[in-house]
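What follows is a structure written as structure tokens; I'll ask about it next.
Labels run A, B, C and D following the written order; every chain starts at residue 1.
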Amino acid sequence: MDKVCPTIEEAIADIEDGMAVMIGGFGGSGAPIELIHALVDRYKKTGSPGSLTVINNNAGNGKIGIAAMIDAGMVAKMVCSFPRSSDPRAFTDRYLAGKIGLELVPQGTLAERIRAGGAGIPAFYTPSTYGTQLSEGKPIAEFDGRHYVQERWLKADVALIKAELADRRGNLTYRKAARNFSPLMATAAKVTIVQARKVVEPGGIEPEHVITPGIFVNRIVEVADAKQEEALLREGADT
Amino acid sequence: MTAKLTNAQIAWRAAQDLPDGYVNLGIGFPEMIAKFKPEGRDVIYHTENGVLDFGESPPAGEEDWDLINAGKKAITLNPGAAFFHHADSFAMVRGGHLDVAVLGAYEVAENGDLANWSTGPGSVPAVGGAMDLVHGAKQIWVVTDHVTKKGEPKLLKECRLPLTGVGCVTTVYTSLAVIDIVDKRFVLREKLPSISLDELQAVTGADLVANKVGDLIVPEL
Amino acid sequence: MTAKLTNAQIAWRAAQDLPDGYVNLGIGFPEMIAKFKPEGRDVIYHTENGVLDFGESPPAGEEDWDLINAGKKAITLNPGAAFFHHADSFAMVRGGHLDVAVLGAYEVAENGDLANWSTGPGSVPAVGGAMDLVHGAKQIWVVTDHVTKKGEPKLLKECRLPLTGVGCVTTVYTSLAVIDIVDKRFVLREKLPSISLDELQAVTGADLVANKVGDLIVPEL
Amino acid sequence: MDKVCPTIEEAIADIEDGMAVMIGGFGGSGAPIELIHALVDRYKKTGSPGSLTVINNNAGNGKIGIAAMIDAGMVAKMVCSFPRSSDPRAFTDRYLAGKIGLELVPQGTLAERIRAGGAGIPAFYTPSTYGTQLSEGKPIAEFDGRHYVQERWLKADVALIKAELADRRGNLTYRKAARNFSPLMATAAKVTIVQARKVVEPGGIEPEHVITPGIFVNRIVEVADAKQEEALLREGADT
């Protein structure tokens, strides 16, 4: 069960029009820039995959990463908690023009819905959004005298995530706060595709230090010198 | 009644069908399947108490009792093993990430219902992970003697004992046959050559669909 | 209208009330509170994106952009820091494990309702972790100017903007006063000595309960 | 925020009659034997704490650990998934005599209910137990054409758990499969009391290797040579 893929292009080759794609990262921390840009390149060359639903905490910044996907016109809808950033134009312009959809989900609910998707929990109750616009139309229930909102699991066709180490069987570690949503997304997608700074042999990660067990991972590409989105932005990148 | 398979032979037969993938072997009899995994099959074992990719039992005297499986037996780790807590472990189960889970059974019904946790009032009930496992894996196999110790059928039209799960079993490996459950029917895939279809039907509590039946052939074990 | 506190002074005042414990400072203005933590106060900061016990910003040029807070600012780690994923991070929030969360506000109502995420149609809404934070921490503080840029009250009988949370705010630190919310009333704890109670009431959109009112005294900052 | 307690006796001193106590471990792996026996000793000396509800995967084995609590008569009810063991008499005899209560919870549901308790999720839906006796009286709902059972969170007054390393601020690691329920229980109890093999200074555990962040821990006692329940049983212990 060697999950290492020789090229990024091969790893993302079967992502199709209309799919739901979870993308790891919180702002630039943990954003799998190389996977994303391989997908953008494929779209620019072939016109596919388009009409994607992208699930991420944010909605892109500047002209790289998710913003590049939006700019390329391949994103039909964002599911996120915070579509603001230091340079949110790619999303904002399209959103205000009615050209891209938005499902706004509180950050903790977004995380929990993704976890529920991976854990086979179709719905759960949370206090978050009770009494606000964001709970309109959702079932409300009272437990122990307090009101809660029913939320549904969130799953995806594909997850694109960035890891620090990956062993060939898919066990992963993450670097610092770049962990964020990625371990959850890995569990909630039909196919989880990982770019790892370094691929090691099985046993190369201490069993007690594994954050994502290999059962949640389908494909791994080694990207030794991955770019960091925030660092790129600060260098003024506009690729 | 003719010869029947030993538990080791039932386990051997089930092992031949193991896919490359992630498998949970229920405590007790199903654990025996690991011993007969065909050479080269890339099976990664999951255990409910939070270990993925464990290996054989350690030699007696070398056990580490913090390193056990769900049956509380000492295990070892393969390279690439991982530890995780119980909620993550059952996320793997309930979330559909396992390819196969294998369980024992008191009774299996032709619609796939399974009873394996309670023999009714007067005993201490114990359910463990079975009620989660039956809802998680892509395939749910049962390994069992074909009949009870009293010779009564364990494969029935409807279970009589309290259910573990509804419509969950996909294949039953018994001491006499291999039976798939398809569209709420027992579809006979293989039977011991030494037993006739009528004889098998006589010890089975629901109709067997027998269109293409192979021979159930296992080594001496 | 008399003098009012700067944002730094509001943050300083809030910081004096920090308990020994676990605190989440909302992005933007509330983050400033950390700078004014009193000596010896044992405060451990939580950030939604999965870090506990982080320290000050690194010097310019030494940022590691994988190590940021919820406001996407570079941070450093204290000894004893821990990383975790987003679901665990919000388990800390929603599960009631934080002692204090501090947020900014567009409006606060006397019953504790908070509006801080949307100015209504025509803009891009963004909610982040606020709707979870208001339900998790034992105390929810707000730091804010006492009035809007146009001089209108931000402390109201009822919020007009879309709510972030219902009945959640426990204390409001403003540019003019410190106000606790008790039994759905604004209870004035401290006010600037230079402002009269009538003047303060005039820029507050709901009745102030003023039984024991202390002086709000802060250093030059 | 130094959470280290000088003695076990002090760490458990405020556990009261009638409390719900989560106890980490799966069989003997991860069982906090020293914490448990300090509690049994206190009960034998003072008659308190009695009438406890104990939450653990099992219901004791032989005459040590949870079995010793049951034998001492301080447990009113067990919440567990598998009250069988190689020597389950302490529980079985009392159960069949109607002298101890039992709430039988499937193992995955038990884990998820505890996690929900710690995460502020009052209820969730699971496929487990649908159509069985164990879902009787519980709300059923259909999502995407499949039936699910509503389960409630599970919280406790106290959790007693065993860790490998603890830093003074409460960050924990666990040893091998001794992790099991402990990280979940640490989140779901009002007071979490930890026996750790070794207490280290803050920074002594790599931030990426922390399994239980300190926010979930209240008290730590160092027990350098902790006993292992299964090993004790195999030695024939009956204390």
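Basically, a residue touches a chain if its C-beta (ideal position, glycine included) is under 8 Å from a C-beta of that chain, and two chains touch if they have at least 3 such contacts.
Just so it is clear, the structure is predicted and the values come from calculations on it, not from any experiment.
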Remotest chain, chain C as reference, centres from CA atoms: B
Of B-D and A-B, whichever chain pair has more C-beta contact pairs: B-D
Whole-Å gap between the CA centroids of chain B and chain D: 29
Cα-centroid distance, chain A relative to chain D, in whole angstrom: 35
Rounded Å distance, chain B centre to chain C centre (Cα mean): 56
For chain B, residues contacting two or more additional chains: 83-84, 87, 90, 93-94, 135
For chain D, residues that touch 2 or more chains besides their own: 112, 115, 119-121, 126-127, 174-176, 179, 207-208, 211
Contact graph of the chains (line, ring, star, complete, other): other
Chain pairs that touch, as defined at the top of this document: A-B, A-C, A-D, B-D, C-D
Residue ranges of chain B in contact with chain D within the complex: 48-51, 64-68, 70, 72, 83-87, 89-90, 93-94, 113, 118, 122, 124-132, 135, 162-166
For the chain A and chain B complex, residues of the former touching the latter: 1, 115, 117-121, 167-169, 171, 187, 201-203, 205, 207-208, 210, 213-216
Chain A partner contacts - residues on chain B that touch it in the complex: 20-22, 42, 44, 46, 52-53, 77-84, 87-88, 90-98, 135-136
Parts of chain A lying in touch with chain C, wherever the complex brings them together: 26-30, 57, 81-86, 88, 91-92, 95-96, 102, 104-112, 114-115, 126-134, 174-184, 211, 228-231, 234
Interfacial residue positions of chain A with respect to chain D in the complex: 112, 116, 119-127, 141, 143-144, 146, 148, 152, 173-176, 207-209, 211
